[in-house]
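Letters A, B and C name the chains as they come in the text, with residue numbers starting at 1 for each one.
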């Protein structure tokens, strides 16, 4: 290693020359600054605090993500977790002998003599006494949930009809409203006999048309 | 710039630009976000954590979970792979971290993103077994065993409700059981509280299409 | 080697610059304490980094003991690398360079009197306080008192101690600039003033808002990223660049840089550097404009990088000097590392690319290259240059120095290449939602395996440096002085 340099004194110190910058360099820098400016202008969501998606430019104001509809299954799952999971479990399997499963349940899927109205009625007004689900006997009480709104009940039912292998059409809030009106006089929880005494109503799959009475 | 005051002023002013943008602005704007009302059940969004979950955040910090796990679902304008992978129904926004004491955003994904783990894995028992021996539950996992968060003790009378269901090489000796300590329970309570599946004004949940 | 300028360039005050020997004598003890401790922390940090990378291929390694979990060792390794090695070596380099460039001993006119002695005692106590804070902070993470904020895991009492000791040391560097006895300010001096001003501001703000009195967590993300970026770009990098600006021209024995290019590079670095950290948060939970600002800053950061490297790498080089002089080689390699950092940073700021590689080893590689390459290599250069002059004798064993140089470069090159490739691979696999996460983990196994080898090389290099500096400080004389190495 050459050590002489650090004792050797320069003759002319550390003078700095001032050769001009290459024009190519200046050009490249200017170009990149321009790019930066344009990028920032068009990808900043109008510099709004509530816009998080960077390709949503909206200079006129009003968040670019306003009015996107909410997925009922997602809301339904959240509500299910808050309200129903205690008995019916996160897996929808219930507790053997105590709380019936929702997976493959004829009540949930509106199979056989069951209509969607039965499902909505038992959620609104509750169920008590002996009842059979998937061939198993139960003797328990389900509390009424009429304090939930029509939208909430519709979302929960839509969710349980679409998860865990269940596959049944969604329930609309309008249908819940209709059933709630029809059963407004009911004060006590249904027994299975009372529930099945009412004819099944299966809403048509086309929204807006009147439901079909079986 | 041969005089200190001139140089210092220049440095101060130039540095101020990034300080204003990245410190002052977040502190004054994002730092003053408030919860919004939850139309569905009269609560607030983001939901309030329980006491166990708050204590669990300390355990999360202590064990350095942030070294391997992130807690943010990225905006779809950058990449939709986080949402598509099922790590969240919508991208995360600043308001989601309102209730945390520390935003564990993370910068490395040696393990999964955890911002919605409370939705994907709502079962506390699964979490306990996973923390005790991760590779028994997830084959090939790089996660270390947090066996210090658990107690192996002699069964007194009846097997405890909290005892972990372990099989094979993990199972304790005959007559012994593995139960979670308070720290483990707090940590799992925190993990179960991690869910960003509610909509916010700036982050609605987009309709995902026809039912399965 | 750095000499005071000739009398016809002295300041109007009429004071002649002091000779180098007196300047070195005034800073000797603090700088040696700082450099010596820095190297020993480097060894420990390298060891911890190796253990941590082994845990990625064998999670059961040292398993079962909560203290030795990945989540505790990884922050310890990183914080030791940042605060134990890099910041401490930067402080040492900064003080020595500033004192020499200003032609003024530390403590200025107080000289050998009581005032000078008190000042030196104060500074030496501050250096000891710094190391105590690093040690205790690291042990606190080990014991489970980590704050959980990345890069700021030291508990509040440790970070306060760090800030206090920095202020006690750094203030003198800035005052030296004011009291300098040389004429025109050099670029290196601007960088040092900027660095010593920015660090307390950056460290203090980040700790105040994230650790001491945490603000609402919705705001913490950008501040933490700002801290990471600013620490690297506005504290560590300026000191490294100051070393290169100051020493490289003198060692290469040529007329150095173009002043207005250097000026432009300096101000652009300060302007854009602060935004540099946002590439850690592209697509994150922040308003869109902050993400876009991060994208723009990451790409525009190439501007100061290119200006500075054109300036410094464009100097005419005498090949015999380059091949025989370790500091020069370290400086040049550090500049190449900086260019690579700029390129990687620009790439991973582009939104689509960031969407693929963020959270993988790719973005981690940029930080590692910055700390271990663009900052550490020039600091090694300063260390090799400064120590003989401070001790007043040739002290380095050139065999060991040569081994250190080669093994560091090979290890670093290997580590960065593997992390970039592995990160890219992992990132691309992650974009396909049908590939399970555990599958992807198994794909990255070979990369992690080779990264262990690279970390082992870096540990060996650090050990070699540790042995070298210990021998030097213990007074062993140079053996086997080989020329032409």
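Details
One rule holds for everything that comes next: a contact is a pair of C-beta atoms (placed from the backbone, for glycine too) under 8 Å apart; a residue touches a chain by one contact, two chains touch by 3 or more.
Predicted, not measured: the structure shown is a model, and the values here were computed from it.
Placing every chain at the mean of its C-alpha atoms, the farthest one from chain A is found to be C. Chain nearest the geometric middle of the protein is B, using mean C-alpha positions.
Two chain pairs are in question, A-B and B-C; the one with more C-beta pairs in contact is B-C. Centre-to-centre separation between chain A and chain C, using Cα means, comes to 47 Å. Put simply, the C-alpha centre of chain A and that of chain B have 19 angstrom between them. Our note on geometry: chain B versus chain C, Cα centroid distance of 31 Å, whole angstroms.
Multi-chain contact residues of chain A (touching two or more other chains) are listed as 49-54, 56.
In chain C, the residues touching two or more other chains are 285-288, 291, 293, 351. Within chain B, residues 29-30, 75, 77-78, 91, 93 each touch two or more of the remaining chains. Of all residues in chain C, only 1, 3, 5-6, 9, 186, 249-251, 253, 255-262, 285-289, 291-293, 295-296, 299-300, 302-303, 306-307, 310, 321, 324-326, 351, 385, 388-389, 394, 396, 398, 401, 481, 483, 485 touch chain A in the complex they form.
Here chain B touches chain A in the complex through residues 29-30, 40-41, 75-78, 89, 91, 93, 119, 122-123, 197-199, 201-208, 211-212, going by the rule given at the top. Interface residues of chain C, counted against chain B in their complex, comprise 55-56, 59-60, 63-66, 69-72, 74-75, 141, 144-150, 174, 177-178, 183-185, 190, 193-194, 197-198, 201, 205, 209-210, 214-226, 230, 234, 267, 270-271, 273-275, 277-278, 280-288, 290-291, 293, 351-352, 354-356, 358-360, 363-364, 430-433, 437-438, 441-442.
Of all residues in chain A, only 1-3, 5-7, 9-10, 12-19, 21, 25, 29, 32-33, 35-36, 39-40, 43-45, 47-54, 56 touch chain C in the complex they form.
Interface residues of chain A, counted against chain B in their complex, comprise 49-56, 63, 65-66, 68-71, 73-75, 77-79, 81-82, 85, 90, 149, 152, 158, 162, 167, 169-170.
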